[in-house]
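Every chain is named by a letter (A, B and C) in the order it is written, and numbering of its residues begins at 1.
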Amino acid sequence: MGRVKEWLMKRRFLEIFCMLLAGVCFLSTGATAGKTYIWHDKDGNVHFSDRPPHPDQAGSDIQERQFKEAPRPEAKPITISDNPIEHAIQSTFRLTNRKGGGSGFFINDKGLAITAKHVVQGATYSMKAELAGQKKKYSVKIIKKSRKNDLALIRVMIKKPTPYLEIRKTDTLIRGEPVWVVGNPLLAFKETVTSGIFSRIFPEKDFKKELKVKAPYKGDWIQFSASVIGGNSGGPVVDKDGRLIGVVSLGFKAYNAINLAVPASYIEKNFATQLK
Amino acid sequence: MGRVKEWLMKRRFLEIFCMLLAGVCFLSTGATAGKTYIWHDKDGNVHFSDRPPHPDQAGSDIQERQFKEAPRPEAKPITISDNPIEHAIQSTFRLTNRKGGGSGFFINDKGLAITAKHVVQGATYSMKAELAGQKKKYSVKIIKKSRKNDLALIRVMIKKPTPYLEIRKTDTLIRGEPVWVVGNPLLAFKETVTSGIFSRIFPEKDFKKELKVKAPYKGDWIQFSASVIGGNSGGPVVDKDGRLIGVVSLGFKAYNAINLAVPASYIEKNFATQLK
Amino acid sequence: MGRVKEWLMKRRFLEIFCMLLAGVCFLSTGATAGKTYIWHDKDGNVHFSDRPPHPDQAGSDIQERQFKEAPRPEAKPITISDNPIEHAIQSTFRLTNRKGGGSGFFINDKGLAITAKHVVQGATYSMKAELAGQKKKYSVKIIKKSRKNDLALIRVMIKKPTPYLEIRKTDTLIRGEPVWVVGNPLLAFKETVTSGIFSRIFPEKDFKKELKVKAPYKGDWIQFSASVIGGNSGGPVVDKDGRLIGVVSLGFKAYNAINLAVPASYIEKNFATQLK
């Protein structure tokens, strides 16, 4: 948060490599994200295509796997896009008040959502949520802050059904597998995705044993290599199927290829009562 | 450019992690990039192999897609390699004069090429192009600078047919899809490739609204996560098929996972007359 | 090494984005890396799965390729995991003495291993090796330091068979292909993986010609884009099949997307007698 605030003050002075001025005419552009598909066949291969998979090739198999691993109250997720990364972007929002902010994401279709505790901790001004592709800002209610982990359960006061992320069990992660992070780096860059890999489980004891600092929270961590910075806190780390792996929490100023997220499995451990 | 110049002065003093001296005997080495293949089958899967795909598996299908999406005057592109990234490297060159420089790349087989306007803007000394794997430096003629975008159309004075990049329409991009950047980071590292993902379309209005700075050029931007630095300006951002997505233009000192490129679709908007 | 030492002194003061304290109750967690599989079918596709490939789909084909390219004295490699990245992690260890350290990895099942020469150069205190997932520290004997390259052949004094990396010939590398780096960044982060791409062969002459500094070692280099930092030195750069591409040696403070490794082919050139 300190870093976020520092950034908010400095962002007027962002140094850009090249600031030469060009003409002032407005250039109309049709540049938008098109309707395209990323999907996985029954063998787990990733496909990029401008048409959806043939029913024989994919679809039902993937959905079944998701339901088996993380059953949810709803019968069917609100699917915004067949592109799992696009779906993750649509399930993520920016959280701000006049002092700072971070990122958050939905975990059911009724506006229930997760962010990092340190994003809402001590927020004296109430927070607003800005959803992907929408101008309206929604009110946010804090339901419960975890005592042990950098997690908070919140509700975005929206009446329409919300797209949301399936939770992947932490003990199924594969070291070296690709991950994507969605969020609002420096708060100013909305709907931003970076990629990297799941590096390992960073054990709680290594804060004291290896880093010689007190662990800021309890429990173990997802160590991943995708770049993050202030404003990403509370945003999701997802796998190639768009399933939640972790919640962005800690980074190290010295080196941006090591970052820590709260394991997705901790969400149900912390908020079991509220998620029923 | 300021950053590039700063770098040119400092590069004698590049701090290397380890500078312990070893023996002085020359070690002959056969280390070179070999003849190998990256290709995509009909389902879009990526294959790395030391032999070309069987005719049943790939080939014609990919070429047809390229021609449909970006028809060009020539009947057949000059294909240097079946590896699309290798082809992109061969289509890219280093631009330098005694004051600085950047990168550029061919868009037809007759030496017509693109770079960033800020690379050639105010260049009081004429620029030379150094092609991949060649010692000769070719003269460069500036044909037209865009009034609105950070783009310049140039011609490299070469008589042999040049390999070049197909242009991919910007409205077909998929958020989260992989990208590669080819160029000359710090000007000193030639034929260098980095990778990342297409993050989103960064809208022109966000310069003022979110970054609180005046937009340096008109129009929207390709926001991508691959690392770039001074010397990459004007170089291509390509997709897995080696097709042009954008032209490297802006980076932010504070964070190297957010960089901006001019959308490839702007090339035809700016230089329609010259490209006929 | 200078950078490593600087880091060892500073690591007590690592600045973490967020250091707000949470509750003090211990949260028991089942979060560990599970038994899962990454494998490649006969066409070279990458599969992530929680079950091993069917015998018809993969297996023997991949092993045959490895043996053809890098025959080793042993009849069969000690395979710790069907996940090539997991296998690379298990084949890598942390090297430390009271002054600093780095990374190293096994090249046969009898404890023979490689590290960077600058990791063991001038080490007045003997080094210990910490293997993945083990608490015991093993003694290390330096067998031979290369005169020309940043390589040292060492032996870890262990009696059990050791997992090890197959060596891939440097002239088979494909520009733009994905790579993984395993090691101990900042020495404090054990068993850490980052990813990037093989960018190109950096020729020895470019130190003088382009960087204007004296080449610290003889021979050419593997230029790759994966992030590394002090503590990674001596660790392996591997391909998608877990085969050794290079040994991490040099980085540039100014830009972390350009790093240099000693080509894997130099290992046999330097230590042919010892490897018989």
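In this section, a contact is a pair of C-beta atoms (placed from the backbone, for glycine too) under 8 Å apart; a residue touches a chain by one contact, two chains touch by 3 or more.
Every value quoted in this text rests on a predicted model; they were computed, and no experiment measured them.
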{"item": "Graph class of chain-chain contacts, one of line, ring, star, complete, other", "value": "complete"}
{"item": "Fitted rotation between subunit A and its twin subunit B in degrees, CA, nearest 5", "value": "120"}
{"item": "Homomeric contact subunit A-subunit C: same or different residue positions, threshold half", "value": "different"}
{"item": "Length of the line joining the C-alpha centres of subunit A and subunit C, rounded to whole Å", "value": "30"}
{"item": "Junction residues of subunit C, two or more chains touched", "value": "45, 256"}
{"item": "Subunit B-facing residues of subunit C, complex", "value": "1-3, 43-45, 116-118, 121, 146-150, 170-178, 196-197, 199-202, 206, 210-214, 216-220, 223, 225, 230, 233, 240, 249-258, 263, 265-266, 269"}
{"item": "Residue ranges of subunit C touching subunit A (in the complex, touch as defined)", "value": "7, 10-12, 14-27, 29-34, 36-38, 41, 45-50, 57, 83, 85-86, 89, 180, 185-186, 188-195, 226-227, 229, 256"}
